[in-house]
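Next come two complexes, and both contain chain A; in the first it sits with chain B, in the second with chain C.
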Partner chain A sequence: MSEEPRSPNADSSHLLEVTDLHVEFQTKTGPSRAVDGVSFYVDEGESLGIVGESGCGKSVTAMGILRLIASTGRIASGSVRLDGEELTELSNSQMRAIRGKKISMIMQDPMTALNPTFTIGYQVGEAMKIHEGVRGKSLLGRVLQLLRLVNIPAAERRVRDYPDQFSGGMRQRIAGAIGISTTPQVLICDEPTTALDVTIQAQYLELLKEVQEQTGVALVFITHDMGIVARMCERVAVMYAGRVVESGTTREVFRNPAHPYTISLLRCLPRLEGVERLESIDGQPPDPREMPPGCRFAPRCPKAQQQCHEAYPEFAPVSSGHHASCFFPGGW
Partner chain B sequence: MNEAPPLLAVRGLKKYFPVTTGVVRRKVVGHVQAVDGTDFTIHQGDTFGLVGESGCGKTTLSRLLLLIETLTEGVIEFEGQDISRLDGDGLRDYRKAVQPVFQDPYSSLNPRMPVWEIITEPAIINQGLRKDRAKELAADLLERVGLNRNVLYRYPHQFSGGQRQRVAIARALSCEPKFLVLDEPVSALDVSIRAQIMNLLKDLQQRYNLTLFMIAHDLGVVRYMCETIAVMYLGQIVEMGPAELVYSNPLHPYTQALLASALPYDPDTKTERVVVRGEVPSPLNPPTGCRFHPRCPVAMPECSDVRPVFQELEPGHWVACYLY
Partner chain C sequence: MGRFIAQRILHAIFAMFVITVVIFGTVRLSGDPARMMISDEAPHEQYLEMRRLLLLDRPIPEQYWRWVSQAAQGDFGTSLRYQIPVSELVSTRLPATLELAVAAYGFTLLLGLTIGVYSAAFRGSALDAGARLLAVMGQAAPNFWLGIMLVLVFAVWLNWLPSGGRGEWRHLVLPAITLGWGPVAGLMRITRSSMIEVLSSDYVRLARVKGVGETSVLWKHAFKNGALPILTFASLVFLGLIRGSVIVETVFFWPGIGLLVLEGVNNRDFQLVQAIILLFSSWVIFGNLLVDILYVYLNPKIKH
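On to the complex of A and B.
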């Protein structure tokens, strides 16, 4: 995270920098601020984890970066800079030239991310054809190379097969091949392994690491799984109810979590070593149409004071490179 | 283990699904060996956890226990009685005593029924409960699972995922069951809600002396909930034992691989590189011998010939592997 995350032009030297992003959806009962002032950055060759529970706005943040927000929603304000270029101000056709070329995304569900009516060879090659004008034999060669990279056995034979002829793990790897086909600078992985079994998940995460080592791509993991963050990411941003409540290096945030939400989240994970009784967080996240006026976690927070219910705490440094939005950071 | 006779005993259980071709003249061309010879027992008050990857047959096994599927071969005994021979009152008693909780609380609750009706449907069917009594019962059950009594007339869409799973648990409790079959009861829920539901299940188990059979793929969840753990691979249980033993001293290479693949919640823990390659083979044409041998890092020639015997290596800790 930047040192002054609230100022829009803080530091433009990062590869991808999201500053104070707001995304709003129109609903019958008023606007819903799914993403309400999110800031973070990621550099080349680095992995950032964005964690949070369902509805916290992490996927909408990703869609906002790619400008793929559904028509009922819009980016209300904020900036998304990729390699110095402001994405929110680009025209749709300019954005199309960047999406899938400089920045790609691997969608959550491999069962629906691929088009069932096209061969996987066509789908893996599509972005290279559009963005790089590769055709014919050389395109086929590149496609086969990618399929081999993601460990699809007998690639020459299977390139003409359709998605339904592959297992879930293979489909996810094919979606991964599409994501990296144009060697993007940033690859956003939205819950990349939730549909996979544990042994397949481990293989897939290792594959992503290898690709990163080879190409220097910056990875953004959007996930609810703290295990993926611990394994894959150098830095992490924890989201709650549309905002980043804590961010820092993964080690620091896991070792010395400052925000009560992060602390509770880490405490309620069932670990392999086993415990007598897990702590749980009572209640549930607020409705984005009726956000509490103060800290959004205050209604569920064991440490909340009067102040917490009245004002939103500033996103302030806790230690070097470690920020949290809390009046009373630390454990209890 | 326990001296008392087990509540549930399963011996040589098999379930094969026929695979057919042809539209008019159907021909059986093979069998999916979803469950292929499993033995285990569950004692009163225990929590038995079944782990394995998708397609390994764990859900089929749970459906056999619930009598949703009929078994191909083998015996399931509940309180000493063979459940496939039950009929009349015996069958009705079994269906009351054994209740399911399914994975997805969004699809397991009828969206057109108010909550009180959902919760008491089993009791109305099995015990012929009257409407006014049913509503009282529903209100009690809602309280027992930590929901407010006055939500009786709400519909499922008015609840969050965690609340829906509480409703599903209340429904399972409506017939005062002895045995709950839980198929991935928390995997559709958010992390913070998961702990709530697991703690609720633990509390209810203690209060009503329930026995739980739980399927999960999350090893942490199973560790937290279960005393006994069975690891299933392609229709067969490859390792079984007390949770501490299986986690601290996994014997089967597949169990070792599963535990090595689980991601620890600690950025400083360096886990080994992935040990298993490839994917689970098709249960339509499973490998001979030990079914794990094509992916096994320590496979030996004999592994591909004959299925290894399921043997007890230390008290209560069973494994099917030629290494031992």
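On to the complex of A and C.
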């Protein structure tokens, strides 16, 4: 495949396409398959939600795409294609040229994502300096432009300030400015609003939407909140225990959820009136070192039968463009 | 911040007072210098004359006060042995000691920081394991032993480097390594643990997400954050090197302050010994004070 000329979307019709990705960690108590066969895609200008409880492998998937898995882990197999290019086969320096340029990321916790010893001006400008060689006055101009775009007041004065002089909401907007600074093709947002309060969260999501409309960036939106998926994403992939258990358009998945795990997540959503009792799912996702042999949701599933404990249900179409892996799809 | 520094300065002054009293007392208790200055057969009158000359017949507090107030003005009396002012003697020997200490410090920093940073970056690798072995060996070997071994190998057997004395750079290599070796292990460990913490942080991860190169991730993004404990330790190391120079100078006949104080002790040259110990002590006390101030200045949490 490497002999073929590289042209955009040479082998793939999607901008970012993850296929059967496996990530494995070596731990003291044995190998841990944190991501165990994940596939999804996202196209230009589109938003894909990756949703699931904490510990399902969402962040590890994101880091796998960027090839920034901790040194105790590795991508065991699978493919990540960005704009027709196979990222898993690139050299480290080729991969560095893509990170922060074609694909970027906003991390979960705004309090820890910025370096306390560099000014925010430096941090916002760094990726442009590396990838576009912008320097001096024009760099400062671009930094100020970005800071204004993400609504940092008095940007001229504040470029020289350090992260600890900003509120959490502002820091997350600065992290957003860093993420979009080089107008990447794909922006991975790993629970970027979890640490923010509700009003600031809404503003932030709005901002991301605006940026997307202006730049056509594809968003991979990682969250545990179905409400955010409904608001932000055209399509959704539901992850459980290192695998995608259901995927489809947001509309279809919300209207017609097939996997009991998806249904349980939807039942955790507050109703519009906000009066109904919130449900939560009993129990916890399994430890990746001790996965159940059959359906991984079986120990917590209200519909589980004998069959569910013995075999893993195939990821099969439910309707057009809507897939799920469950022997007994639908509600109960 | 100002209050903190004022407090530290007061501490330093108090420590200096205690040190001067201790030095003064120890030298007086360790023997009668006047008796050492004259032959055993000399008449008693000559002994009394010598005591008068050295002001040893005055009340103790007065002797102390004279010594301290003159020392404060840079007058440490006259060396009994060399019959020239102690301050002159010390200042001719000081450059040699500083040269050795700076060279040793360069060695310590180069090795300690580099190994520390890379063993954190490649945690669990062969390099990391090798570095840990080196650390254990470094701390187990006393520096006089290391000095003798280095002389044996590089001066006696291989004949690559001189075994002692001061001159061109080749003379500096072995004593600098001997002196600098000890703190390498400590600096390496502080650097490693400090860097490991920083390297697992989100902002270092974000630097990588941005496409920052690995060298820059390590030495810029990570090191700047891990630098505070490292710098504090590194400054203390320098203070320690001055102290360690006594032994190393003796092993290598390095004509610095360390060798001078040893000669002074052998000759019962109490003016000289007093002065040098005072110099070493104030070096450590004011050095510590500087480290404290540096720490405050560098730590944004205390500063804001």
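Here, the second predicted complex is superposed on the first by the 312 of 332 C-alpha atoms of A that agree within 3 Å, B and C clash if a C-alpha of one lies under 4 Å from a C-alpha of the other, contacts with A are read in each partner's own complex, and residues count from 1 in each chain.
Please note the rule applied: a residue touches a chain if its C-beta (ideal position, glycine included) is under 8 Å from a C-beta of that chain, and two chains touch if they have at least 3 such contacts.
What you see is a predicted model; the values in this text were computed from it and never measured.
Partners chain B and chain C fit side by side in the overlay (superposition on chain A). Between chain B and chain C, more residues of chain A are touched by B. Once chain A of one complex is fitted onto chain A of the other, the partner contacts of A:E213 are absent, as it touches neither chain B nor chain C.
By the touch criterion stated above, A:I178 is placed in contact with chain C alone, chain B being left untouched.
By the touch criterion stated above, A:S167 is placed in contact with chain B alone, chain C being left untouched. Of the two partner chains placed around the shared chain by superposition, chain B is the only one that A:I200 touches, whereas chain C remains out of contact. Of the two partner chains, chain C is the only one touched by A:S104; chain B is not. Taking the Cα centre of chain A as vertex, the centres of chain B and chain C in the superposed model span 80°, given to the nearest 10. Taking all C-alpha atoms of chain B against all those of chain C in the superposed arrangement, the shortest distance found is 5 Å. If you check the complex, the residues on chain B that touch chain A are 53-54, 160-162, 190-196, 198-199, 202, 217-221, 223-224, 243-244, 247, 257-269, 271, 273-274, 276-277, 279-280. Partner chain B is touched in their complex by these residues of chain A: 53-54, 167-170, 197-203, 206, 224-231, 250-251, 254, 264-266, 268-275, 277-282, 284. Within the complex, the chain A residues that touch chain C are 66, 68, 70-72, 96-101, 104-105, 107-109, 112-118, 126-127, 130-131, 162, 164, 175, 178. Remark: chain C residues 122-124, 200-213, 221, 224-225, 300, 304 touch chain A in the complex.
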